[in-house]
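Dropping the structures in below, format is structure tokens.
What follows is chain A paired twice: with chain B in the first complex and chain C in the second.
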Partner chain A sequence: MNAKIRALISEFGRLSVDVATLKNEADLYTAGLTSFASVQLMLGIEDAFDIEFPERMLNRRSFASIAAIEQAVSELLAEAGRDAEAA
Partner chain B sequence: MQTQEDYLAGLLEHGLLFSTGVDGLFGRSALFEATVDGLNALVTKHGDGFNAESVTYPPSMSRVDFEKSGYLKSFPGLAGSIHSFAGDDRAHRDLLADLEAKRDWSGRQKITDVVLTPAACYPLYPLAASRGQMPKEGLCFSLCSWCFRHEPSRDPARMQAFRQREYVRMGTAEQVVAFRASCIERGEAIVQLLELPYHLDVANDPFFGRAGKMMANNQRDQKLKFEMLIPITSDEHPTACLSFNYHQDHFGLAWGIKTADGEVAHTACVGFGMERITLALFRHHGFELANWPAGVRQALAL
Partner chain C sequence: MNDIGVSSLHARARAIGVGVAAAHADAVDREGRFPFETFEALKAERLLGAMIPLAQGGEGASFADICDVCCVLGQHCASSAMIYAMHQIQVICLIDCASSSAWHQAFLARAARDQLLLASSTSEAGIGGDFRNSVCAIEASGTQFHLRKEAIVISYGTQADCILVTARRNPDAPSSDQVIAVIERAQYSLKRTTGWDTLGMRGVCSEGHIVEVTAACEQIAPEPFAEIAAQSMLGASHLVWASMWFGIASSAIAKAQSFVKAEARKRAGAPGGNAATPAGIRLAHIVSKSQMLKARIMEGIRHFEAVRRDADGLTSLSFTIAMNNLKISASETMLEIITEAMMICGIYGYKNDTPHSLGRLLRDALSAPIMINNDRILGNTSNLLTMYRQDATLTG
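And then the complex of A and B:
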């Protein structure tokens, strides 16, 4: 899942640095993620994992780092009874 | 508190607004306009120290610039694009036949190079970008423009065509954040002079769709927008009459606006809803100017 999320950030995040150089906990906004790009990333993640972020997760914190995104996606997959490892 | 319908009826009865038959589109009386003029002069007086360059645009802007601004990403349903007929004689006959038969004739039009200005500052950013790197102290502009938003409503305080007076600051994050704080102080001073009840609150723009929900949450989390709210047609849902917006580097990035150091410029603006403040004055001080507090009349030179 980590690699898939990194690929999506690379595709939608328009970061000012290479995603490969970022630690899982690194602040994506500091790395250049804009408000608009974070929305595109959110929609890209929804498509890729076939999930829908509920309103409570539609905020900056959910997309602040690779780890935060992983956590949010895992939570939604678990709620849907799907295996996070397989995603 | 009067309802929207009651207040609208009062404005029409007292001849302050004239109906056009379309919700949110009104004619204005001489007194209404004199009040707007007085308010405009008061805002100018309070913006004295900004050393702002005054720029005036027609109530329409370049469609290409509008598209580049990202407005359609965030507010597709509010946008007003201008379409016009560009056919030959035969196509003209077809157009008139559609009109005669009361059929939809809009398909016979083509989009033009012009859209209606959605907010006074939109045509300003390409101008600022075209001037290249800004001086160390940054830039400040003063504008007033008719704006259009497609949101027909029976609430007279939610018009489709209205005037927005703005000061727009461009520069470093520190410069524009300090400017916004100063605008809030000045805005409060103005509203106090006008003896209107108000409170300040964090706000968000009405961004479209699910993506918009996230934009709105982000905007609130970061306190990018404050509004000065004044009750007009509801105590429970007071109307945003002034707004104080920090755009971060949104417009700077979109337009390549650069600070003196070559960094992407940050921008902020304060917007005065001229019709809304005027409506608040008639709501709180009455439809008859003679009954208004002397201090308010003096402040507006009425």
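And then the complex of A and C:
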């Protein structure tokens, strides 16, 4: 899942640095993620994992780092009764 | 009078608005100069530091109280109100975001004691208008740093006591990795690069400057600027501006109302004199708009105060969309109200030398959709709406 999220960030995030250089906990906003790009990224993630982010997750923190996105996606997959490892 | 023996913020703001700001508003506009008299009075009455907590020597005024002051000043001198509003945006960022820094806590106490006027330098040549990117960078050496910034605009930069300046964290940091530092007049030099000869808001003096500063590293806020901008800054900016715009709109309505009243007096007793006139109907229309605007702003202030200590609430999609929409609707509604007031007052509103003159108000108000361009905000909102879950509840 981590590799898939990194690929999506690389595709939609328009960061000012290379995603490969970022640690899982690195702040994506200081790395150049804008509110515009974060929405594109959310749409990309919803599509790739076949999930829908609920209102409670639509804030800055849920998309602040690769680890935070991984956590949010895992939570939604678990709620849907799907295996996070297989995603 | 409140329990510390000082008359209320509203009363002090009103006295300054009526007695000082209104008296100099035309000169400030005509000469395109800083409203010195108003700011001397605001400092003397300690209104610049009013929002700073009691523990640091301020009055602990609520955000709603500060919005009220913006509205009162807006009724008398829009340039004064705009400068006051921009100053308070800097204050709220320091209050909310720099709580972990001893230097910034001490600075707030000094800002309250000395009634310091704070300006902001976020724009820069070469960033395409996106203040979330910087070209210039902090160059630290030991406990000091040096910074040189080509700022396209620093409103009242020459008159401010301190500037909150953004820059990249260090010379190797990407353009989005920004910090914000509080720099003081004795530490920086300004070299003016552009002037401020504008249609309206002529007293705000938003000139371009090259800023050069050497200061202590502890003056840099510990929080990344990305967080500061995303949290207090967005909501606070749109709300203080909307509040002062409501003040401008109210001033236009007062002029229109006095015009309609004078007309009614002339007609009183004449045959058919009690029939509604086109001007009277227009007045009813703009008062209705103004009540909607007031309700919308008060709802925005309530929403902001409810989420102010909650980073997730402040950065939620629904709050961002609500604040963006408030900025759009408040700026548009104010202009509609003033334009319609002009139709009511007719030539007396159009002329610059009558008690019903509306020219300065209209010119000042035209800045509202331009500063942080409404088209840009609508574009941003339309993008956010792709993820937004529409709230169809009325009371929820």
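A few comments on the model shown:
By definition in this document, the second predicted complex is superposed on the first by the 87 of 87 C-alpha atoms of A that agree within 3 Å, B and C clash if a C-alpha of one lies under 4 Å from a C-alpha of the other, contacts with A are read in each partner's own complex, and residues count from 1 in each chain.
Basically, contacts are C-beta pairs under 8 Å (C-beta built on N, C-alpha and C of every residue); 3 or more make two chains touch, one makes a residue touch a chain.
These figures come from a predicted structure and were not determined experimentally.
In the three-chain model built by superposing on chain A, chain B clashes with chain C.
Note on chain A: of its two partners chain C and chain B, the one contacting more of its residues is C.
Contacts of A:Glu55 after superposition: both chain B and chain C are touched. In the superposition on chain A, A:Leu43 makes contact with both chain B and chain C. When the shared chain is aligned, no partner comes close enough to touch A:Ala67: not chain B, not chain C. Using the contact criterion defined above for the overlaid structures, shared-chain residue A:Ala26 touches neither chain B nor chain C, since it reaches no partner. When both complexes are overlaid on chain A, the residue A:Met1 reaches neither chain B nor chain C.
By the document's definition of touching, of the two partners only chain C reaches A:Val17; chain B does not.
Contacts of A:Thr34 after superposition on the shared chain: both chain B and chain C are touched. For chain C, the stretch among 76-84, 94-102 or 220-228 that collides with chain B in the superposed model is 76-84. Touched by chain B in one complex and by chain C in the other are residues 34-36, 39-40, 42-43, 55, 58-61 of chain A. Remark: chain A residues 15-17, 27, 29-36, 39-40, 42-43, 53-55, 58-61 touch chain C in the complex. Interface of chain A with chain B (complex): residues 34-36, 38-40, 42-43, 55, 58-61. The touching residues of chain C, counted against chain A in their complex, run 132-133, 169, 174-178, 224, 226-227, 230, 311-313, 315-318, 320, 380, 383-384, 386-389. Every residue of chain B that touches chain A in the complex is listed here, in rising order: 70, 73, 210-211, 213-215, 217-219, 221-222, 248-250, 253.
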